[in-house]
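Listed after this line are the structures, all set down as structure tokens.
One chain, chain A, appears in both complexes that follow, with chain B as partner in the first and chain C in the second.
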Partner chain A sequence: MNEKEKLYQERLERYTIAMECGKPDKVPICLGIGEWVVKYTDTNLQEVFYDLNKSNSIVDEMLSDFDVDIFGGGPCLWWPPMFDAMGSKLYKFPGIGLDENSTFQYNEEEYMKAEDYDDFIANPTEWLATNFLPRISDEFAEPGSYRATVALIKSAAAFAMQAGTMAAAWEKWTREHGVVGQTAGMTKAPFDTLGDALRSMKGILLDLRRRPEKVLAACEAITPHNIKQGVSGPGADKRFPCFAPLHRGAYPFLNPHQWEKYYWPSLKATIEGLWAQGKRMLFYAEGDWTPYLEKIAELPEKSIIFQIDNTDAKKAKEILGGRFCLQGGVPTTLLTYGTPEEVKEHVKRTIDELACDGGFILNPGGVVMGDAKKENIYAMIEAAREYGVY
Partner chain B sequence: MSEKEKSFVPDPGTCVPWKIKKEELEEIHGNEEIVKKEWEKLDEFAYSFIWFWVQR
Partner chain C sequence: MLTDTLSKAIAELEEEQVLKLVKERLESGVDPLEIVNSLQQGMAEVGRLFETGEYFLSELVMCGEIMKDSMDILEPHLSGSSGNYKGNIVIGTVKGDIHDLGKNIVVMLLKGAGYNVIDLGVDVPKEKFVEAIKESNAPLVGMSVLLTACQDSLKEAIDAIRAEGLDVKVMIGGNYIDEVVKEHVGADYYAKAAGEGLKIADEIFG
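Here is the complex of A and B:
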């Protein structure tokens, strides 16, 4: 076993013990490299998004610099060429419709209409393929046409190309930097699947008043698919949790009654379905989830890693600590507006309060965006190593 | 294909399940498991592609 392989094993053990709510030798540090990557080099966001090899080589360089145990992923959630091939309406990416240094934008629309509920519920996969894809894609608007056929070929090829490129990059990062990937696989809360991409915020909020039974039926129809997606492809590796970015469940998008009736049951069923297969979820609780901590505590022990973004950290520790691994603790606003001294002081306090008896991973509370200060990222890591020894 | 096409609801992780495809094939002379295994791999890939677009 060479030095990097040994380092990987040490870090993997640190991560695994924390996920099991135990106390490793050190507080594990996790970092995902967000769009602030552009500050690290002389590149711009368009290049970072479009040129996967360039983006991966920047990550490669940065990982040499950072003493982190767990890597949450690079700056690009999506590879725009795959979307361009379909003429996708879903996003605007830097360089097309946006300045080359603008972050991406989501074009939220009711791509699924209220009258589509029954057809979607009856056969979700077929409905997505035959109705949703043509609606969100200019190039695929007329399936069977020359342009649509070519678009589908190109986009599916891009999907496979990106997966191959990223698998090779992760293998390299693991081998050359001894860093552990945080997640394997991805899924979502069924209500978010419905509310984010299909019905939109406006649509689903109206549905809660006008056709609530359809919302529940759709969430129920989506649940087995979201369980499957958490363990599909890379998700088959059950040592690592699947990533689940959670959106509309944050307080106060829904009131507590709506949350309990419409958001929570299908998310809980998804988590329980995954856990029954030995798969944990990274419960990426973006925003504030404080009012719901008692309900979340009802989940099977250790079935999630709970991400602390704007949730009250002390309450999260009090209610969830010991049952679930907690992750986060460093507000992204502090990384943007704070000083290195303030970041170090905050990390020390966070470790004292949240990591004292194990089951904790130090991490920015959310995705580190383009306005974070580079010196604050370094300060966070330095302080975590200084104060994070058990 | 349209004459043969049957209505079915694919299980999660599948688009055209092997059992549907097998009924459409007249005869498999060789090892069915080899064909089935590779069919299911590509079918799951297609499933992931379709659901990718809605899991933003």
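Here is the complex of A and C:
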């Protein structure tokens, strides 16, 4: 075993023990290299998004002096050519419809109409193929046509190209820098699948009053698909959790009654379905989830890693600590507006309060965006190594 | 306590009842402005319930929808009447950001409170803010932002307004906005929740 392989094994063990709520030798640090890196290079966000090789080589250079256990990935979340190949209307990317240094954005629309509920519930896959795709892309306007078929082939090829390039990059990062990838596979809360991608925020919030029974039935219909998605493809590697970015369950979108009745049951069923197969979820609770901690505590022990963004960290520790691994603790705003000294001070306090008896991974609370300061990111890693020894 | 049945109905988000009452009152010859006034009182109650934690975003969005449908019925009857606005407010989401939920809720509350809101929409360039302020003579401009990465465009828009020497207060709002951001971009006020935005407007116009 060479030095990097040994390092990888050490870090993997640290991560695994923390996920199991145990106490490793050190507090594991998890971090990605986000869009902030662009400011420190001679490139712009558009290039980083479109040119995967360029973006991957930036990551490669930085990883040499980036002492983190768990690596969250590079700055490019989506590869736009894949969407371009199918003429997708879903996103705006830097440089196309947006300034070259603006981050990508989602074009939210009611891609599924209220009157589509029954057809969707009867057969979600068929509905997506024959109704959703034509609506999000001009290329798919006539399903089964020559044009639509070519678009399918082109976009599938682009998807495979991206997957191949990223797999090779991850292999390189793992071998040469000994970092452990945080997740394998991804899924969503069924309510978010319906609310984010299909009905839009406004649509689903109105549905809760106008056609609540349809919302419930649709979430139920989505649940088996979301369980499957979490363990398909890379998700089959069950040593690592699947990533689940959670949206509408954050306070204060839904009132407590709505949360318990419409958001939670299908998400709980998804988590239980995954856990029955030995697959954990990175419960990426963006925003504030404090009012719902007691309900979340009812999940099977260790079935999630709970991400602390704006959730009250002390309450999360009190209610979920010992049952689930907690991750987070560093507010993203601190990485933007704070000074390295403030970051260090905060990391020390966080480790004292949250990491004490194990089951904790130090990580920024949410996605670190383009405005974070490099010196603060490094201060966070330094402090975590200094204070994070058990 | 609300006594008017229409105000009550919108505060309780009774969609069908609101639309029915609006139509009935119009037909029986009630002044459309008076109907708007009843709706506004109900919306103010919705804003209050949100502030005290009884209502959530889902209720605000529903209220906005009922208000919009009601105004669709009322607007043709309102033309010609000047309206008793408390004043003009320009508002928009800054350049580079296309999020509008927060902005729309603030717009709804401001309209509900009797302001004439000039809503510039999303991804608004600085020139458009300047132009709208000049045209409307608004003493208050609201800028919404969700993405922290769009903070520079917030600052640039405020700089442009100051450079023109316009006599206008700038209020910024958004999920991550706080005193530090306010100082950094040079705004006069900041609001983290829609209700706070309304209070600031009342302070300026009051």
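Here is the rule we go by: the second predicted complex is superposed on the first by the 386 of 390 C-alpha atoms of A that agree within 3 Å, B and C clash if a C-alpha of one lies under 4 Å from a C-alpha of the other, contacts with A are read in each partner's own complex, and residues count from 1 in each chain.
In this section, a residue touches a chain if its C-beta (ideal position, glycine included) is under 8 Å from a C-beta of that chain, and two chains touch if they have at least 3 such contacts.
Owing to the predicted nature of the structure, the values given are computational and were not obtained by experimental measurement.
J.: Pick one for A:Thr174: touches chain B only (first), chain C only (second), both, or neither.
T.: Neither: A:Thr174 stays clear of chain B and chain C.
J.: Quick one: classify A:Leu205 as touching chain B (first), chain C (second), both or neither.
T.: In the superposition, A:Leu205 contacts chain C only.
J.: Using the touch definition from the top, say if A:Ser102 reaches chain B (first), chain C (second), both or neither.
T.: second
J.: After the superposition on A, what does A:Thr193 contact: first (chain B), second (chain C), both or neither?
T.: In the superposition, A:Thr193 touches chain B alone.
J.: For A:Thr350, is the partner it touches chain B (first), chain C (second), both, or none of the two (neither)?
T.: A:Thr350 contacts neither chain B nor chain C.
J.: Contacts for A:Ser266 in the overlay, against chain B (first) and chain C (second): which applies, first, second, both or neither?
T.: neither
J.: Name the residues of chain A shared by its contacts with chain B and its contacts with chain C.
T.: none
J.: Under the stated contact criterion, what part of chain A meets chain C in this complex?
T.: 35, 92, 98-99, 102-103, 105, 107, 201-202, 205-206, 208-210, 251-255, 258, 332-333, 336-337, 369-371
J.: Can you list the residues on chain C that touch chain A in the complex?
T.: 13, 15, 53, 55-59, 61-62, 65, 95-98, 101, 147-151, 176, 178, 180-181, 184
J.: Within their complex, state which residues of chain B touch chain A.
T.: Contact set of chain B toward chain A: 9-15, 44-56.
J.: What residues on chain A touch chain B, complex-wise?
T.: Interface residues on the chain A side: 88, 90, 106, 122-123, 125-126, 128-129, 132-133, 136, 155-156, 159-160, 186-188, 193, 196-198, 224-225, 227-229, 232-233.
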